[in-house]
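Presented sequentially are two complexes of subunit A, the first with subunit B as partner and the second with subunit C.
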Partner chain A sequence: MSVVDFHRIHHAYERGNQVLRDVSFTVERRQVLGLLGKNGAGKTTLLRLAMGLLKAQEGEVRLLGLDPRERPLEVKLRVGYVSEDQILPPALRVRQVLDFHRGVFPTWDEEVARRLGERFEIPSEAKIKTLSRGQVRQVALLCAIAHRPELLILDEPAGGLDPAARREFLETSIQLLNEAGSTILFSSHYMSDVERLADRIVMLHDGGVLVDSELDELRESYSLAMVPAGPETSPERLRALAGCTSVRRRGDSLHLVFELEPQAAESLLERELGIANSRCSALALEEMFIELVGGQAPESS
Partner chain B sequence: MQIHITSASDLPIYRQIMRQIVDAVAGDRLRPGDKLTSQRELAEQLVVSPLTVKKAYDELEREGLIQTQRGRGTFVAARATAVDPAAQRQRLREMVRRLLSRAHLGGLDFTSVLALAHEVHAELEAERAAEGGSDNDESGSTPRESESES
Partner chain C sequence: MMNAARADSILYRAVSRSWSSWLPLLLLATGLNTSLLFGWITAAAARGQSSAVPPAHLGLLFWSGLALYLILGYERRRCDRLELTLPLPAHRLWLGHLAAVYSAGLAFLGVGLGGGWLMARVAVRLQPSLEASLTLRRLVPLLLASLLLAVALFERDDPPQHRIRGGFAGLLRRLLVVVAIGAVVWVLSGRPIAWSLLLAGLAAVSLVNTYRSLPGSFLLLPERPVRRPVRGRTGALAAPSAAGSAPRSAPGKLRWRLLVRILYDFPPWGPVTAWVELLAAIFIGALFGGLFELFLVPETEGMRFTQLPLVVYMLVVLFAPLTTQMSSLDPLPISRRVLFASVIVPSLLAMVAGYATVRLIVATRPATPLVEYRIEEPHAWVGVQEALMSATRTGPPILESPWGETHTAWHRPLFKGGELVLYSPYSTTEETSARFEALMLSRAIAAGYGLQMPWEEALERYFEVDGDKIVGLKHEGVTGHELFAGVEPRSRGPISVIALTMAIVPFFLLLALFLRTFRATVSDRRRRAFYWSFLAALLIVMIGGFTFQVAGWFNQRVGWAILESLAFRWGQSPTAMVLTWLLCCLGMVAAYWLAQRAFQRIELPATPTKFTLVDFAKE
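This part shows the complex of A and B:
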């Protein structure tokens, strides 16, 4: 049984504004899946559907085999969730928020809570409303992690955190993976965090799944080629090449992403277009993201 | 074991870990029988997914460079030989390519580069002799000139 199962999800907030179009993928036990996509690609919608906070107009969601709309309590007890805009009661003190969670979750681990609290340096007597955005997020993370959930769902967990706090969050996640073998589904815009934490990537684009791949495989099976723009290298012709997944114009050259290793891409370009001196290279995740879903530069530049 | 990884590299993290362990063995900083940092510990040290570290160790084990002994840990293999000759060759090829481009920019022709290589080789030999080690000499293969590129 998959820990998370999205099956043919369709969702629109209003007519004509289709956010998710036939999205299917699963997350397996102990996997760490990084959900990527531009702003508005539907990441948050998908994670809210997973938590049962929204109802999919079509398709099915299962968490730990359960329907989150039918068994909300059971799901919430076994899943740790941090939303993008965590709302904690402003008037409560940190201590009171923790007391509340301790009372709700039978699996609450005081040792984890204490350790994280020290690490994050969260003042336990402070009121939520006096904390910075990053600190509130850390309190939310602490609450999500300390009940040792079987699955963690994190929507932009590093949003609003400074680099040191982000690294602390990563360290915490990795300890959690080491100790509890949790499964994590998280969305992020920080590609360096994704590279450190994720085993697998799902990239949403235009409402659908553009990439679903093991991270290392993705890193080793794609390459970027740069070729000079010219009559024999029209974007249409390049796009028709086998294995070519995107073409972008940058100045007087064209950037092509191939689902091929660099050397294979070089020989393809030579064979099909007679371009002998193309330079193809592997791509870091950030570059890959931009090449695959980044905007097109104006054609007339 | 000093390993440094960066997420902006065009190498996936497990490859960076593999490469640095290979380099440490090749550079004698890790010797046969030495114990490696445990996978859990290394994941926490480097702040990377435990599965990534596991993948690097599994690959190195498959290549025969390291061995895991149940309950004791992971050790550098007794006969840790140069890893995958094809991969090694590809890496050297990239380095040679960069070297030759640099030389070209610096106005050195190919013959001068070869002369330089001989010079450095002699230096290394002398250093090795001075250390008193009668280590086996694996510099038997001679470079082939046909591989030169602009």
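This part shows the complex of A and C:
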């Protein structure tokens, strides 16, 4: 049984603002899945649907085999959730926030809370409103992890944090939950974080799933080719090539993304267009994101 | 002389700065509130002995509108961050700010006075003797000067800063200033204009003083940071467990105290929010229970029923801000039913407590007589409370005595020209004979007190008769209370619980409707528009009720009187009494269930919707 199962999800906001179109994927036990996408791609909506905070207008969401809208308490008891816009009660002291969460979760693990408390060095008597942004996020993470959730959902959890704080934050979550065999579903804009932590990525674009792949597999299977722009290399013709997923103009040249290894892409270009010595290389995740997600917009607009 | 650039700057600031998008809503609230309170004060005066509205009441009424602005709407920024970086002198920025905040205050005063003027016209039409005491222009200089003084005192706070102090301390300071000046307005209302000039003079001195103390350029932050005591700076979080001490709560046991704090503790009032909510709920309950009538105008007890839309309005207003804190609780495994109860039950219980307290006080006081006999020039009559009246759809009935004397019963239609009328089966007129009046009195006594007294005995015991006319009473006093001293009136029936049900059920139904706007497909703007629309509708219903009554189109007092008379009848049968209570309780529980069901389905926005002016006042 999958830990998370999104099946043919459609969701729209007001005035036909369709955010998700026919989105389907699953997350398996112990997987760390990074959810990528541009702003407004629907990452937060998807994670809020997973938590049962929103109801899918079409399709089905299952968490740990349960419908989060029908059985919200059972789901939330087994899930930890931290989001960028999560508001901790500003007037409470850190100790009181922990007390409150301890009271809400029967599986609260005092030892985990203690370890994290030591690691984060958060002053227990300080009020939430007096803490820095990073500290507040650490308190939220502590609350989400200390009850040993089977699934941790992080929605842009490290947004706005400096690199050191971000690394500390994410590595702590992954390390602690990996020990317990938990599953993690997180969204992020930081490709370096995703590359370092995720073992699988799902990239959302135009309301749908553009890429759903193991990270290692992804690195091997995508390549970037740069060809000179000219009458022989019109974007339409290039896009028609087998395995070409994106074409983008960059000055006098065109950037092509292939769902092929670099050598296979070079051979294809030579065979189909007679372009010898085209420069093909493997793609870093950040470049892949820009080429795949950012590259389509100028062409379509 | 002010140069053009400066004038432009000040004008720009006056228009753009203080006129943020929500200020019109605050203005609307001020206009409506002032009109309502004005109507109340004048109605109380019209029904009272003196037929004059004390100027202090009017002064305080208009000041309350300004107080709303000064506490919630006052722009604390003397300049924004961009202006701080521009080569603009602080003096010039401050003058612009001053013009903006004072002109906004003038708008509030104008709206309040406008609403008051309209209500004054209505009141004078109803009761011409009020005209002399409703000359609003005499209050204008005092209010203008008081507003200026308040602004001057506000501006004395931290002149080097680009922003006047906020937070709890700042709010408290502003409250003190507003209350103190309110007291001054109370005392000086109706006094010669010289007093207003004195206040304006004091304000001017203060403003000049502030102007002179301004720096060349405002500061973004205080020169010296505020020192806060810091406890448990590092590693303190882990200390209790490391030291082996037990945690304060057992896992899985919801800490209600903290839940309540999370829900009720937010800016600008912080922990005081819970008290504000509870006190407001108690007050509105007491108002509906008859607080004003109890202490101000005892003989207008039925007026409390006209507050029904206000009660529903206030309950919704008390609920809305609490949704802002729910976003933080939504991802936690806390049942929606628990959350709903946490935000609904305290306010509701407080409202019911306020209501019940006043009703209990009323019950322990000498009851308003159900039957009375009044002798006032030019004639005398048998008067009964609405509970003893009846309603009919066939027009006013003819009252008849065994000896054939008749007259048309006193009556009031529910709708203008409608057949449904409320009438008194015991009414008399100037023309009716002494025998007839005694007959009516004996019938009323039987209905209201359960005493069987033949009309001949009533005539003999109570009246001095000259020919066929009553010329006086044999006992001191004219009220039925003295006439029937020692005799307990019959129960008024379950009117209190009926009235409460009529407030609580619509509240829950409206809430269920309102909660339907908490969907991902409904934008914040639409949700807010819906919220403000139905609040406005409730206020319009209330004001419309008064207006229709004045115009004679619909008499809401008759409507309530019909209900009172029905309740009185049900109250005479234990079975009917129990059934009424049961139905009322069932109605309230069913309405609660409906609202709870709607709440369980809501989708809370990630960023809480700002519903109320208090939300907007948060920064």
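One rule holds in what follows: the second predicted complex is superposed on the first by the 291 of 301 C-alpha atoms of A that agree within 3 Å, B and C clash if a C-alpha of one lies under 4 Å from a C-alpha of the other, contacts with A are read in each partner's own complex, and residues count from 1 in each chain.
Basically, a contact is a pair of C-beta atoms (placed from the backbone, for glycine too) under 8 Å apart; a residue touches a chain by one contact, two chains touch by 3 or more.
Worth saying up front: this structure is predicted, and the values here are computed from it rather than measured.
**Student:** Just from the overlay, do subunit B and subunit C fit on subunit A, or is there a clash?
**Tutor:** After superposition on subunit A, which the two structures share, subunit B sits beside subunit C with no clash.
**Student:** Considering only the touch criterion stated at the top, classify A:Leu170 as touching first (subunit B), second (subunit C), both, or neither.
**Tutor:** In the superposition, A:Leu170 touches subunit B alone.
**Student:** Per the contact definition in the header, classify A:His10: touching subunit B only (first), subunit C only (second), both, or neither.
**Tutor:** neither
**Student:** Report for A:Glu195: first if it touches subunit B alone, second if subunit C alone, otherwise both or neither.
**Tutor:** In the superposition, A:Glu195 touches subunit B alone.
**Student:** Of subunit B and subunit C, which one contacts the greater number of residues in subunit A?
**Tutor:** More residues of subunit A are touched by C.
**Student:** In the superposed arrangement, which partner chain does A:Leu77 touch: subunit B (first), subunit C (second), both, or neither?
**Tutor:** After superposition on chain A, A:Leu77 lies in contact with subunit C alone.
**Student:** I'd like to know which partner A:Asn178 touches here: subunit B for first, subunit C for second, both or neither.
**Tutor:** Touch status of A:Asn178: first partner only.
**Student:** Note down the smallest distance between any C-alpha of subunit B and any C-alpha of subunit C in the overlay, whole angstrom.
**Tutor:** 23
**Student:** Of the residues on subunit A, which ones does subunit B touch that subunit C also touches?
**Tutor:** none
**Student:** For a test of understanding, state which residues of subunit B touch subunit A in their complex under the given definition.
**Tutor:** Residues 7-15, 40, 43-44, 47-52, 55 of subunit B touch subunit A in their complex.
**Student:** For the complex, give me every residue of subunit A touching subunit C.
**Tutor:** Contact set of subunit A toward subunit C: 11-14, 44-45, 48, 51, 53-55, 57, 72-73, 76-77, 81, 83, 85-92, 94-96, 98-108, 110, 113-115, 117-118, 120-126, 130, 147.
**Student:** Looking at the complex, which residues from subunit C come into contact with subunit A?
**Tutor:** 228, 230-242, 247-255, 258-259, 261-262, 265-267, 270-271, 325, 327-328, 330-336, 520-523, 526, 601, 603-604, 606-608
**Student:** State the interface residues of subunit A toward subunit B in the complex, per the touch definition above.
**Tutor:** Touch list, subunit A to subunit B: 30, 32, 167, 170-171, 174-175, 177-178, 191-192, 195-199, 215-216, 219-220, 281-286.
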